[in-house]
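What follows is a pair of complexes built around subunit A, which joins subunit B in one and subunit C in the other.
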Partner chain A sequence: MLSSFGQAFRTPDLRKKLLFTLGIIILFRMGSVIPTPGVSYAAVQACLAGAPEDANSFLGLANLFSGGALLQLSIFALGIMPYITASIIVQLLTVVIPRFETLKKEGQQGQTKLTQYTRYLTIGLAVLQASTLITFARNPENLFGPQCTNILYRDDVATIVIMVLTMTAGTGLVMWLGELITDKGVGNGMSLLIFTSIAATFPSSLWTIRQQQGWGTFAFVIAMGLVIIAIVVFVEQSQRRIPVQYAKRMVGRRMYGGTSTYIPLKVNMANVIPIIFASSLISLPMMASQFRRSPTGDNPSWVDWVDRYLVRGDHPVYMAIYVTLILFFTFFYVSITFEPDEVADNMKKYGGFIPGIRAGRPTAEYLRYVLNRITVVGAIYLALVSLIPLVALSLFGANQNFPFGGTSILIMVGVGLETVKQIESQLQQHKYEGFLR
Partner chain B sequence: MTEVGASRRSQPGHRGEQKKGFFGGIWLFISQVIDEMRKVVTPTRSELLQYTVVVIVFVALIMAIVSALDFGFTKLVFWVFAG
Partner chain C sequence: MDAVRIALQVVLVASGLIQTLLILLHKGKGGGVSDMFGGGISTSVGSSSVAERNLTRFTVIIALIWVVSIVGIGLIDRFDA
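Presenting the complex of A and B:
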């Protein structure tokens, strides 16, 4: 079974795709360690090493999603986050703004237009986040703790502008890299880059647990990880199959159709996207509050509120908001990716029907009926799996060092499964055995 | 896999469409959810094991690659900018 990893490399065009993806990952990681011009690399490293344990956890999720690049102030410091935020906003807007809705219904061309808007918005957000991050870097005490006084060589206007420009350009480049993976590589670029970032910080945070909590907790965390992986795989592979019968028909002298197949409706159709959306959205106020924190301690009241409720993963308010966001985004994402009306229409066109249900509108209604009821379970599953580690880890008191355990495991397994299955299906096109048979 | 037959199908229009108040509606919805979940096809034990192992191997592989890359790049960047 595992030898088919090798087989994937022996298929010429699949090998090309895999190597291409790997090359982009290498570029992405390289950009994540190259410092932005004007930043003293030695000073940043000294500050990172001397930072107190809980200082990093404030920007925890943002830092995790950028693979540690954010705190290093590298050229890819913002990583793929602005792109994610932008695509959430654009997708939300398709429901609100009529013009976006018509664009979305236009098909290919409208989609291109929407992608274009997403890119513009990404650049806008990148400028915004880069300038806040740089403002922040001028007073690094907030970022790394009081021992850290200066990490910039100069802070005149020209240098600051160059730094903002560099980080914005870096974000643009990351966005392009992600789209290249989607186009010419394997897997979904956006999720694969997040996956890479998380994979970069995961081993070291695991090791921190081992050092601070001993082997017992370490083994427990590993075991829990394995169980979660199995659960995720189980649910991702569960599907409701709706039988479809195709009518026989003559076209010229040949007989077509007459076959019976099924439409697979996955229990969790949205995959990890709701988790990524929810956790990047919940980290936004955290980031904003971090930038508004004053060193003297008299913070605006909303900053204190965010500090109290939204920073610690084990606080009930945090959990409630997180769960609500996940539930919302699951339904939202399923509703924009699977269109029962379109599926029913297509089935009608090709002479297919669900036994016992009339073609056209009743079929669409039936599909919607099944989808809504299955997605309820899918959404609850996503919310629960992302909460289990939070609860379990806080029982063990390991929460501070491992703040987003559930989220990161879920994203890693989800993206891993998705990518492996895509490689697998491409292998099967070449009539090879594949990983899974 | 065998329970997917066309024999047991719930039809939205036919069953219990009349509202029995707020809680009745919720109860009806929950029973419909359970009904649909019964028809869900789950992976077999061996399928589950295979997928799990493959995913673990894949994730471990990427982690190893990325860790190696990071180690190398960090050394390189340190040598260029601070060494």
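Presenting the complex of A and C:
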């Protein structure tokens, strides 16, 4: 395996791509620590150091995706999050808006159009999120806890507008960096950038565990992490293969078809997306309650209710709601991404059939039946993986961004596998030996 | 130092706006969420026209100006306050 890595770097074509990707990633990380003009770097660092651990839990996912840049209010503070949100919105809209649906079915051309919409939407969302973040930054008590009173140099309207503009432009730049990687580097740029952000927070959060709990727990957490990674890799790779036989056709004097292939149905077809949906949905009430909190302590009763059940991840009610949401979104997302009717239709068009099942409607029904049963397992698996950080929370008192948590592990493994596969396929154009066997 | 800062802020705003515009002018690469978190393998054949390459060059220059003005304002703020 190591020799394969050496091989990858010895292939000039691939080496250029790898180095390009690394360069962009370094630029991205550098931008994540440059503070937005108007923000005092020293004050932010002081506030971060003194912040209680669960003070920013409601920003958890967003902060995780930005690799800690969000709370540093850097120029890439919003990171890739607006793009993710925008693409999720566009994908969901394809179900609702007929025009989007036709675009999606149009193939390459339509997809380009959809991507363009996603990009416009990203900038729009970035303006919104930047304004929200800056509103919080003007009253940093909400972000960092009461000891933190001011992190801005100036507070006039012009400065605020410039900050919003800068963060928006930064988000645009991040988006472009991601596209550059997709275009000229290896792997999918957006997901690689998310991967980088998540990986960047690993050492510090591991070190926190070591400082708070000592070497024993530290070693245990690392060992557990390796086991979890192995399991996740195993499940991610597993798929049900439905055999498909293509009929032989004579076109002119040549024979076509007659091949047998399979439709791979992955156990975890929806990947991390259900977890992302569920976590952002469950953090909504928490976010709303932030605005109604009074400093004197006499909160409205619903705020107290949210505080009791929906803020701390170790409460059973929280876990139950979380798991239910994940189960629901898994089925929901699989049903919009894989359409048995469409697949069956396509197969019929090209003269393919599943042995023992008639083409057309029976095939669609069979596919749906298999898919539903696989998704049950996949959904339960997702729910279990996503519960890991919550269990760790109650066992070790680790914070929500527990390094080997569900979202981070799933994304890291998913992106890692995908990127390695892509490097491998490029390597095979030169030599016939890869990383994965 | 106020004059320098205001000048830098003007540069920052202008370059930020132009940069966003130029980035939006690029043709988007990649295709949606399922592509992002491991869907099918899609290999995009790189086909950048001359216009696209010039656009990239401009974007890089503007982005550099943008970063420099940010760092400049940061430095002024740091040693002025």
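FYI, the second predicted complex is superposed on the first by the 343 of 437 C-alpha atoms of A that agree within 3 Å, B and C clash if a C-alpha of one lies under 4 Å from a C-alpha of the other, contacts with A are read in each partner's own complex, and residues count from 1 in each chain.
One rule holds for everything that comes next: a residue touches a chain if its C-beta (ideal position, glycine included) is under 8 Å from a C-beta of that chain, and two chains touch if they have at least 3 such contacts.
Everything quoted here is computed from the prediction, not taken from an experiment.
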### Task
Mind checking the superposed model to see whether subunit B and subunit C fit together on subunit A or clash?
fit
### Query
Regarding the shared-chain residue A:L417, is it in contact with subunit B (first), subunit C (second), both, or neither?
both
### Message
Just to be sure I read the superposition right, which of the two partners does A:G172 touch: subunit B = first, subunit C = second, or both, or neither?
### Response
second
### Message
Which partner chains sit in contact with A:V233 here, subunit B, subunit C, both or neither? Use first/second/both/neither.
### Response
first
### Query
Which holds for A:Y153: it touches subunit B only (first), subunit C only (second), both, or neither?
second
### Message
Contact-wise, after the overlay, does A:Y41 reach subunit B, subunit C, both or neither (first, second, both, neither)?
### Response
both
### Task
Applying the touch criterion given at the start, work out whether A:I84 contacts subunit B, subunit C, both or neither, answering first, second, both or neither.
second
### Summary
Once both structures are superposed, the least CA distance from subunit B to subunit C in Å comes to 5
### Task
Could you give the residue numbers on subunit A that contact subunit B in one complex and subunit C in the other?
34-35, 41, 417
### Message
Show me the residue ranges of subunit A that touch subunit B in the complex, using the header's touch definition.
### Response
1-2, 5, 22, 25-26, 29-30, 33-35, 41-42, 45, 195-196, 199-200, 202-203, 226, 229-230, 233-234, 237-241, 243, 262, 267, 355-357, 362, 365-366, 369-370, 373-374, 376-377, 412-413, 416-417, 419-420, 435-436
### Residue numbers on subunit B that touch subunit A, as the complex places them
4-6, 9, 11-13, 29, 32-33, 35-37, 39-43, 47-48, 50-59, 62-63, 65-67, 69-70, 73-74, 77-78, 81-82
## Note on the structure
subunit A residues touching subunit C in their complex are 31, 34-38, 40-41, 75, 84, 87-88, 90-91, 111-112, 114-116, 118-120, 123, 153, 158, 162, 165-166, 168-169, 172-173, 175-176, 178-179, 182-184, 188-191, 194, 236, 271-273, 337, 411, 414-415, 417-418, 421-422, 425
### Task
Could you please specify the touching residues of subunit C with respect to subunit A in the complex?
9, 12-13, 15-17, 19-20, 23-24, 26-39, 41, 43-44, 46, 48, 59, 63, 66-67, 70-71, 73-74, 77-78, 81
